[in-house]
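Each of the two complexes below includes chain A, the first together with chain B, the second together with chain C.
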Partner chain A sequence: MEKVNKRQINWIDKNNKMTQIPTLLCMTSPSVPYEIGLTEKHLNELEADHFNGQLNRKDLLQFLIAIQQRFGWICKDAIAWCSHRISQLETGISEQEIRGIIDFYSFLEKEACPPLHLHLSTNVTDYMLGQQDHQAYFETLAKEYPKRFRVTNTSCTGLCDQGPAALLNGLPIPALNNSIREAIRKLVEEQPAKIDVAATFPTPQDNIQLKDQLLNRQLQSGNAIKRVMTNPAEGFLGELNAARLRGRGGAGFPTGFKWQTCADADASQKVVVCNADEGEPGTFKDRVLLHSHIQQVIEGMTIAARTVGASLGFIYLRFEYQYLLPMLTAAIEERVTQNLLGDAILGEEDFNFHLHIHLGAGAYICGEESALLESLEGKRGIPRIRPPFPAQAGYLGYPTIVNNVETFCCVAEVALTGGANFASRQCEGSTGTKIHSISGDCERPGIYELPFDTTVEDILKLVGAKNTQAVQVGGPSGKLLFPELFHEPVNFSHVSSGGSFMVFDESRDLFNVVKNFTDFFHHESCGFCTPCRVGCGVLSETLDKFAKHHASDDDIQHLREMMELMDVASHCGLGQTAAHPVRFLLEGKPDFFKNKETTDSVVKIDIHEETSAARELHLANAGESHE
Partner chain B sequence: MSDQTIPCIELNGKPIPFQAGESIMQAATQAGVYIPHLCHHPDVSPHGSCRVCIVKVNGRVKASCITPAEEGAVVESECDEIRQLRKRLIQMLFVEGNHFCPSCEMSGQCQLQALAYDLNMLDTHFDHFYPNRAIDCTHPDIILDRDRCINCDLCVRASAQIDNKQALSLGGRGQQTHLQANCESGLLKDSGIESQDKAMHICPVGALLPKNNHYPQITGERIYDKAPISEVGNVRPENHQGDQTKGPIS
Partner chain C sequence: MSDNKVKVATCSLAGCFGCHMSFLDIDERIVDLINHVRFDRSPLTDIKEVGHCAIGLVEGGLCNEENVEVLKAFRENCDLLVSVGACAINGGVPAMRNNIPLEECLETAYVNGIGVVDPQIPQHEDIPPLLNKVLPIHEAVHVDYFLPGCPPPADAFWELLTAVLENREPNLDYSLRHFD
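Then we have the complex of A and B:
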């Protein structure tokens, strides 16, 4: 600690004072008295409790999240402290680099933040359920109490079947209504030191509507692992290949092939990662699996560890799902006591697997597996150059397999009932079942586990959808389908899906849907490569022109060119698919664009509005020079 | 045809030998062929972010600086389709920043501008973003004009890999991605960067500039006055020496 003290850190600097936010009871953070400033002592304690007394570069993001969650923002002194602690090790990091990381993640704040911060979800399904009204209400509340309460927006929170949804200091509040609004107003007015979120607000529901093999499975802890342990480690690869299992995270990559690559790699350490980032708008099935089927998930991961020879594992949990942390931590601890995790699992020498949970901090791109690995290492989530693939060189350079939550549940199923059995339920080469998260205009939104021969039409009937105009399958990066294609089955050969299914009836303006998705990508682009960083901006601004009826045929041409360019030239899947919503609507129903083109030969502009930015800039500059 | 032992790719119809592990860009450079690029420099590791180096490999669009050369691959770097995509990328870089070429010291030495000429770019095609970006003039010898920065990361890698300083990095996300100085203040003056650093001279545009030595190359003597970038693209502008006697003396 001496080295840190060499530099003067002013803890109780007035402008920099961090206020303890109210302790939220369903979180694990110890309670610290309300209204005290963050001090060096707190940081030392945090470091001692969670980071073995020495903050490492790779733990930086987790540490920043811990500060954010306990104090509501990350002050200058905390940043300086992190920089100095880490710089005592060989790889230093400056304050500015830490600020650059904070700026990457939506949920981290480096400016002072009021003790209560509400994030309203902006998925199109939230708007369809009346989000705008709540937005207006909370903005008024924030104006009334600017020092106590802030409201901002966030991308899909994974509560589309029970929206409009929000996060209060990171904890989910589904199904906003008038009484919840009043309850939040009361908290703002009364400023209690402790808030029992679970008692004050509704909690997220599983909302399972239809079960099949995965959701019916009640796994006796250890049973799947024991089945696998009757064979040598590589033996399970044969089962996986017989199962013809393909990844459930969206891309449908053959799981056996990925595992084989990792198993074949020669390395001192290997890693298994569960991708629980679930950022694709409209997807919420992983949340339900983590909540109610965590044994299958961990068992699948443990089997993966044995098969490829990994002893280190992570669950990368999106920030929005941190309310599950206490439960997940308990599940892991219980398994350690049962010798189903840890060293020499169930007595097998060399079968060691240590599982940790890492939180995300608000970045859709961190669902992309190589960006996820960067984030696990505590950096900005920028997708890596491939090759090498993660299975060859991943987390800290170790061969790493990354799989979706549901994929690991399938692995447990294969282990229990055998690969051939798993493959016996198939449609055109897609084997097993698929869990869908269904939301939008239908009577029974929620979770449905369905076989792969189910068509879009079948699903619409099941969920009670009427007068359906279009369906977005696979999330914004998937496909927008019109009735002509509703006869297609949702499987890897026809309409592939990671599990998002959003229904739009005849009353919806699909232009607004597409604009919502395009703005989502614009907000989430990591900014690494030109086609996506600039292209997402061009798409968003061009759609703005249509929304204002300022667009012309030229703008349609721009959209088409951008679709083509981003598709082929982007570095990762985000940029490659970011123009798909525009593409599907432009190809399927061009009238949605056509009827928004300007009808005048002279474009009318509001000169006052168009020059407002310049005026603001002028005023700001004038202010600066007078200081 | 190609030798038994030396593998080859076919680039624009000609066989080009390569060594295992080399990228298409490296193989091309070795053979004296210029593939347009901005974020690539032979002295630092590849990045793959600007995408200006896109080529067609067996019919698929790839970034040549991060795509390994493979025996028999058919590569096209100058077909109409690629040139059109490349032109759009250059235009996107122009509208994203604030590039006012007539007053820029790097005019005539700037790879972005030279590529725009080479691709016959007559306008910026898309609506300008006009971003509000901070300029850093705190350093006694160096100016960072972020209006012109294309986030190519070359200076970041040069500082880390050649100067052994790690004085710079990219921070933020999406359109807010920005070059930053690695120090407490975030200002160039405290970053440890010095005017003789490679990081200072590797910038493909005019974002990192020396102070006190303005317009050192007189018009007519600048690298792309002499020849288009398609002919001298593999000569690094920072190594170009025009006739100094014609330039203003600092």
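Then we have the complex of A and C:
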């Protein structure tokens, strides 16, 4: 264990073994509407039922989520109780620290919440489908019934092809329309004791438009593992390298290299994590894979476990996808009974793999792998300093591989059909196929699995996009492409993508698109480092100035300086890419900024607006002097 | 009164006059300076309206409507506008109110404060309305130079003015912009 990063060994118990983890930390299903009156008895029960009767520091986030989902908020007493329980162990935690965790995650609330809480998705695709209208409607409803109903916003919910979308007490409602909002109003008015969201409202659809090898595969559970088990554990690394598989989560890191590092590490325990945080706006393919191809995902993870010698695994599921929890839990349990998970898998001694599901609580940054590990350990999701890389020292200091959902599906494919076969479909070194989530201005949004020689133009034709002005490939942290570049293929050498593809036709003001993405980063910055925390705010506010026609050349200069600074000085990928939307538009179509510059050559602020607070207090004449 | 002297205007917006005091710390060099410049609107002259000037030195940020009007006049009349001191550049001490709602701020100062007699929020047509937030001056107008410091050292003022008079780019030594 000497190799373990000191900072992270706190929670490893003295026998150098993993402390026992309850089978599923988050089994408490969300309650709609929230129950009232959390008492100590509830907390004791929760702890006894799901946390082995002793709440550990690393279970804290899961525990808080469980409280949140049943009671709608986490009261002061619950915080004190958690602090007290955990502090009985040698690693205590203060109430302040717990409040810090609650503040970090956007779905955790410290203030009392009415029994129904609607989160409206704020991705640009939701707005393009008329979100504003619903927002206004629900805000009025919330004003009418402040004690029964609350409406707030949340970042992309992964339902971009069926928006505008919302979450009701954490459960998804796609394709909002008038009848849905009437139905919600009815619930608010009638206050039923129980609401079956899935039965009352439409449920998320897979909406698969084009299948290839991954989506055509109907895996007989165990088949991929059995093929791998004919060779010694490390043997699969050769297959992976032959497949030249690269990660599908966005960065395109060679999977074989990552696994090799982890396999080579010397440690008593190793961990495999499936990154199902899918936070990049416009991406929803992982949701579909989890829903309809979970066998491939788990099989890929199990193969990973055998290859690197891991016996512990997690699926880190974003909060927005918790409606999949019962289904995923059942899949895991079934595989345990089939001896495809658990101890001595398929009779092979030492092939043990215990898989658990952890929920996120609304933080895009937790998709970044080291922040994800922090979150798995029950902390705020602040990206770690690397090295050590997760494959060297990850979850609780154990060597950990983190891969995207789709990557694990590819792994299963490689196991079934061989690395060479997988690599035979390639374009400029990108092998296999890629699943794209397509949304925005097109006739057939949805899921498309495509080979790597597919160009942007091909995709646009396929989805029935007309008069396309620009495409955002790879989400806000990816690229904004204009027609000049539509001939480029979407692969790791040209336009790299984690799977988000948003189409904007000529009717759209791209400035608003970029503003939406910038606000997203501003909201999701974890706040750890100044260039990103402040920089995102400055970008956002400067864009506001343009939107109000108060900006000038100087502001363009400020934007440029800030973009430069954020690129070079931010701690993690979020800050390093947060300025990209502004940059792409400023470089590609500067007119979107130019035509919003102020017409007043001297003063760039609107004095009427800047004195609004004084006017509200009747300290200024209602704008007489400056109209 | 036409002469060849370079015209300089100065003002203090939401500032404490500390920057002006520091400027005066050029001490006897002010006699040399007066041979080359003429002060237009400035607390030193008590001229109320700014005329056309080569240089405008602005101390303090924007906290009320009158500040914005003065700044506008400076920008319109000065060839080079200089943002002087932490308050003009960042908002400084006055901007500490920016995280507190205006109403709360005023109530604390004029209604609930310790030792307040006849508590009420002052209100009169002669009192310029406060801005929602204290702003640095470059938020509102284009600024040509920034003199950092709280206050900037006298030598920094000296360097700035002599450089402009000699028609070269000002260049502050490290010691003039390092404040630890």
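Going forward, the second predicted complex is superposed on the first by the 567 of 627 C-alpha atoms of A that agree within 3 Å, B and C clash if a C-alpha of one lies under 4 Å from a C-alpha of the other, contacts with A are read in each partner's own complex, and residues count from 1 in each chain.
Following the convention adopted for this analysis, contacts are C-beta pairs under 8 Å (C-beta built on N, C-alpha and C of every residue); 3 or more make two chains touch, one makes a residue touch a chain.
Keep in mind that what you see is a predicted model, and the values were worked out from it rather than measured.
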Discussion item. In the overlaid three-chain picture, which partner chain does A:Leu617 touch, first (chain B) or second (chain C), both, or neither?
Written reply: both
Discussion item. With both structures fitted on chain A, tell me whether chain B or chain C touches more of chain A's residues.
Written reply: B
Discussion item. According to the stated criteria, A:Cys529 is in contact with first (chain B), second (chain C), both, or neither; which is it?
Written reply: first
Discussion item. Output check: A:Glu561 vs chain B and chain C. Expected answer is one of first, second, both, neither. What do you get?
Written reply: first
Item to complete: With the two complexes superposed on chain A, say which partner A:Ile607 touches: chain B (first), chain C (second), both, or neither.
Response: second
Item to complete: Using the superposition on chain A described above, determine whether A:Gln296 touches chain B (first), chain C (second), both, or neither.
Response: neither
Discussion item. Just checking: does A:Ser552 make contact with chain B only, chain C only, both, or neither of them? Give me first, second, both or neither.
Written reply: second
Item to complete: Identify the overlap between the chain B-contacting and the chain C-contacting residues of chain A.
Response: 613, 617
Practice prompt. Note which residues of chain B are touching chain A in the complex, please.
Written response: 46-52, 54, 60-61, 63, 66, 68, 85, 88-89, 92-93, 95-96, 125-127, 129-130, 132, 150-151, 169-177, 180-186
Worksheet entry | Residue ranges of chain A touching chain C (in the complex, touch as defined) | 552, 554, 602-605, 607, 610-615, 617-621, 625-626
Item to complete: Would you tell me which residues of chain A are touching chain B in their complex?
Response: 80, 83, 94-97, 99-101, 103-105, 363, 380, 385, 387, 522-531, 533-538, 541-542, 558, 561, 564-565, 568-571, 613, 617
Fill in: Of all residues in chain C, those that touch chain A in their complex
65, 68, 71-72, 75-76, 101-103, 106, 121, 123, 125, 127, 129-133, 135, 138-142
